[in-house]
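I've put the structures underneath this note.
What follows is chain A paired twice: with chain B in the first complex and chain C in the second.
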Partner chain A sequence: MGETANIRRIRYLLIALVALYLIGPTLVVIWLSFSTDEVLRFPPHLFSWRWYEVFLFDERWNEAVRRSLLVGSLATFLATIIGSVAAFGTARTRLPGKQIVEIFAIAPLVVPPIILATGGYSLFAKLDMIGSNIGLAIMHTVLGVPYVYLIVSSALARTDPSIELAALSLGANRWRTIRDVSIPANLPAIITGALFAFLISFDEVVVTVFLSGSLAPTLPVRVFSSLSLAVSPVVAAVSTVQIIIAIVLMCLVGFLQRWQRRWAEAVAH
Partner chain B sequence: MRSSFNAKAKRGSAVAEVDRGVVLSQPIGFASVSPLLLLLGIFFFGPMVALTFAIFAGGLQGSSGLFTEVLTNDLFQTVAFRTIRISLFVTIISVVVGYAMAYAMWRSPPSMRSIALALIMFPLFTSIVVRTYAWTAMFSRNGMINTLLLKAGLIDKSLSMLYTEPVVLIGMVQVMLPFAILPIYTTLLGLDLDLLRASAICGARERQTFAKVVLPLTKHGAGVASVLVFVISLGFFITPAILGGPQSAMISNMISTEVTTFYNLEGGAVMSVLLLIVTLCLLFVAGKIGSIAAHYRK
Partner chain C sequence: MSAHLGSITGSRVQMRNLTKEYGIVRAVDNVSLDIEPGEFISLLGPSGSGKTTALMMLAGFERTTSGTIHIGEQDVTLVPPFARGIGMVFQSYALFPHMSVYDNISYPLKLRRMSKLEIDERVRRAMDMVKLPPDKFANRLPQQLSGGQRQRVALVRALIYEPHVLLMDEPMGALDKNLREELKLELLSLQERLRLTIVYVTHDQGEALMLSNRAAVMRDGRIEQVANPEALYRRPQTEFVANFLGEANLVPVEQSSEREFTLPDGQVVRSSPDISVDPSQSYLLLLRPEEIEVCAEAEAMLRGRIQSTVYLGSSIRIDVDTPIGVLTVVAKPNQSRRFERNQIVGLRFATGDAVLVPKEARAG
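So, the complex of A and B:
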């Protein structure tokens, strides 16, 4: 297909501009986090770790991190198990109404979070669960479980069930087949699902604000509420830490995907 | 005779197809999906039922009164129209820019494709709160853009850009753009390259091939992407709350204020249910477009 160098240049320029728009402001935040100034200003006076020190040693930020980790790990645990088991059940059994299960599993992705927040608030008020970490973790599970289900389902669709059938026909019982064949063959996808479930919980604001009651805020809620007051550079430091976590997780997910693909290929041969 | 043979062969292959994936028995299948259904039944559908109860607690008459009260409320109308307007703009910008970006990536060599893909995926991993905060750093009075404009001598004193609708748009499009690019890019990847070669052999230039071949074959994918972007935009909360302030509040912000500041749970519930109904209707439309698109691919 003949194309001029001009068209190619325009194309690369477009890609560069969109990429700049998508990640440029985020990179500016990293720059700001090393500022020595009391308030946000441009260009910032560099260089200091003082805002990282505030984040590390301030008890209120620590409490927010602890609470996020607690709720996040509980939600990740629940979402990973419930989502993976359901994905396995729909992919590897003859179950009527699979499509209904699928629609159920994806539904939390498309319903506006404020509906879950106000609805969850009235439900939790009746159940007396407002301000409970477990209640909040369950709601985060609802928001994270679609990711686990979708990721594990698509991995299961790509790995050949004949390896599991082979294990069964060679005399392994169902539990051993699942433990020694199904789980290892889909482990990268299960871990990827878990990472997403954690990320969702670690980023959730709307539902968390409504259901936290008198509890201390989680990390994203604390960042969110400090933004409506005064914008202090400590938020830039907190954000930078979150950005680094995001980069690490993204690399991890890329690695896991390659691992899963290699599994699927190895099984296919 | 022949038709019955065909039917039998078809049924036979269907059974083989199903049996191929069957590792465990049906009761275990039910057992494995029941925790998910239980979780979502109580904590996903439960909240919606609770909202409905909150509205209909005052009887049918009281509830219809609630609906007319909300629907005739001036502030609600303003916010509802603003929500639709902002979401519409976000959708148009995201889908047009997203299409251009997806097309540019698709026509690029594999190395460029994977770099661009990584750059698009990165925001999906970064917290929306963090990304919205980044925009306040850009647009605030002593933020980057004001500083640059002042230094360039284009303005005399810093402009107040935060808490305006264009800034909300900029922040929301940034969040929604990957959701527009990725499905369109996937649709483009699914195109039959022979069609493009045929078009080129017949003497079509890139622009003609694009208008006569690529665009007609991918417009359903772009349609599904538009509905999804619009639906997700309707429910935005964080971006308008931080970048918009009260003057650019969207419906989610208004619901939140009604419930948490005015303790008007009934009003908030009515607005939530209205938002839910609109969302579900639009998703139904998206499903219809999606099945039309699937039909075209065959």
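So, the complex of A and C:
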């Protein structure tokens, strides 16, 4: 009796330690964001919202947020379309070269970002697009495609492949079939993929550093450069906001996945 | 549904020299079949026989490698599926998971730009017809339905726009036995009322025999025989068909005169006059288990030892080792008569009107 209680206590302790190890750095950042100090120091003197005010009202930070949102939206839009089309193409057609499409769609996940950054830099330097939002969005799209592709593919593997044939037999042409059946029946997965693509773009640093040129950087790059210039606790406040955004999006992803899984149950067993 | 759908008359469907090749594999090999308006025809065969591929070509989901398909007067060989005017029921039912029952059923009517009012009236009536009261089921999602209910929704969705041909791909495959029997009867009565042309793909010979006016038995991409269920069962033209439909005892025979054939034990059977015989071909005598009678040894043509018995409730299935081979017999058990292993029994069967099928040349 006493022994099992002890074992249970040890188990909970281990779980708590692992959890602390995983989220410890995040908790430290949140803690630092409420600092009253002028510079980042640990442990901080508490408690103030001043660094959140700086983040909200400083034009340079606002500029970074705007740029992140603009590039992120554009990259999300493109990555969602490209990734979904590739997923449908490989899951629902018998076209030759499917494996090649698959490899290309997943490649950016395994190629080190520094290589993509170097390649992107050489290409866009030639095109005189260093510092352009379009160039940056294109590179972020490349990074987001694998996530959309993998998430939509796995949803397609679970939904009934006959539903598109059914729509065609009922009189829907190919366009109506895509609009009325293919997209809505996989919408939760497509939205999940889009959220991931956005998150990837929203905290990408390496490729962005190479491509942002002299223009105002995106939010994570601005965080990065402020850390190396003057160590102000504002970066902790910014990071905390980013963490909250990430948590909200992940909750949304959890909800969307449950939704998509319920649809998969409509298949006959 | 009858009020609206009563006007349906099925179309004629014609397949001419239909072939489908995937690389070097011929999934469907030169199939020709004329399906009469209002006929219920089954494509029956084991998996890999090409029956589903043939159906997919009828539906327009697979391109034909060669050959033509006519529905009614129209050559639809190159017509896309959505313009063929067919209805289709899939093995998985293929209900749209993101649409309610009501939206699933009304979808084909929306595509046909029918008014909201007319759609509503039709959908409600159709749902009542298949015992899915709209008050209770209209707003449910497919995943909230049982297998039988999903099947009904799929059927109504495929019929509500009054297609001239209904294609069904193993539609009972995912249902349990009782439900299957019930739905078969419903399908039969529906077919009788609507006079639809139905092409029904199945590997279940019982289903095909019960439902169809005619069945085409397929094997390796070809049609072995097309006939009504009774003819397929009583007068199979090939060894494969004889074995595929029900149980068959096939006894090797030697031709002794034009219509006389000798059994291995020397007894003679006479072939039925409508069977034409090729002298260069070896033949097998077909004896269905219920055509062999267990009798007193004095009246018997054959005697044999019982190898095994299987009790089936209303009947008993006995394997008897005889001089002409092991014969499977189905007998009615009764109080005075018991069958046991190693017991010697007498057997007899009619010797006139014998059904002969050509013996297949087997490689190896």
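The rule we apply is simple: the second predicted complex is superposed on the first by the 249 of 269 C-alpha atoms of A that agree within 3 Å, B and C clash if a C-alpha of one lies under 4 Å from a C-alpha of the other, contacts with A are read in each partner's own complex, and residues count from 1 in each chain.
Here, a contact is a pair of C-beta atoms (placed from the backbone, for glycine too) under 8 Å apart; a residue touches a chain by one contact, two chains touch by 3 or more.
Just so it is clear, the model here is predicted, and its values are computed rather than measured.
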{"item": "Partner with the higher number of touched chain A residues, chain C or chain B", "value": "B"}
{"item": "Touching partner for A:244 - first (chain B), second (chain C), both, neither", "value": "neither"}
{"item": "Touched partner set for A:165, first chain B, second chain C, both or neither", "value": "both"}
{"item": "Chain B versus chain C as contact partner of A:46, first or second or both or neither", "value": "neither"}
{"item": "Which superposed partner A:265 touches (first chain B, second chain C, both, neither)", "value": "second"}
{"item": "Partner chain in contact with A:176 - chain B first, chain C second, else both or neither", "value": "second"}
{"item": "Partner chain in contact with A:185 - chain B first, chain C second, else both or neither", "value": "second"}
{"item": "Which superposed partner A:112 touches (first chain B, second chain C, both, neither)", "value": "first"}
{"item": "Interface residues of chain A shared between complexes with chain B and chain C", "value": "162, 165, 168, 174"}
{"item": "Touch list for chain C against partner chain A, complex", "value": "59-61, 80-83, 86-88, 90-98, 107-108, 111-112, 141-143, 147, 150, 157-158, 161, 167, 174"}
{"item": "Chain B residues within the chain A interface of the complex", "value": "18-26, 28-33, 35-37, 39-40, 43-44, 46-51, 53-54, 97, 100-101, 104-105, 107-108, 112, 116, 118-123, 125-138, 140, 142-144, 146-148, 174, 177-178, 196-197, 200, 205-206, 209, 228, 231-232, 234-235, 237-238, 241-242, 251-252, 255-256, 259-260, 265, 268-269, 272, 275-276, 279, 283"}
{"item": "Residue numbers on chain A that touch chain B, as the complex places them", "value": "1-3, 7, 11-12, 14-15, 18-19, 21-23, 25-26, 28-29, 32, 39-43, 78, 81-83, 85-86, 88-95, 101, 104-105, 107-108, 110-123, 126, 138-139, 141-142, 145, 149, 161-162, 164-165, 168, 174, 177, 182, 199, 202-203, 205-206, 209-210, 220, 223-224, 227-228, 231, 235-236, 239, 242-243, 246-247, 249-250, 253-254"}
{"item": "Residue ranges of chain A touching chain C (in the complex, touch as defined)", "value": "159-160, 162-163, 165-174, 176, 180-181, 184-185, 187, 262-269"}
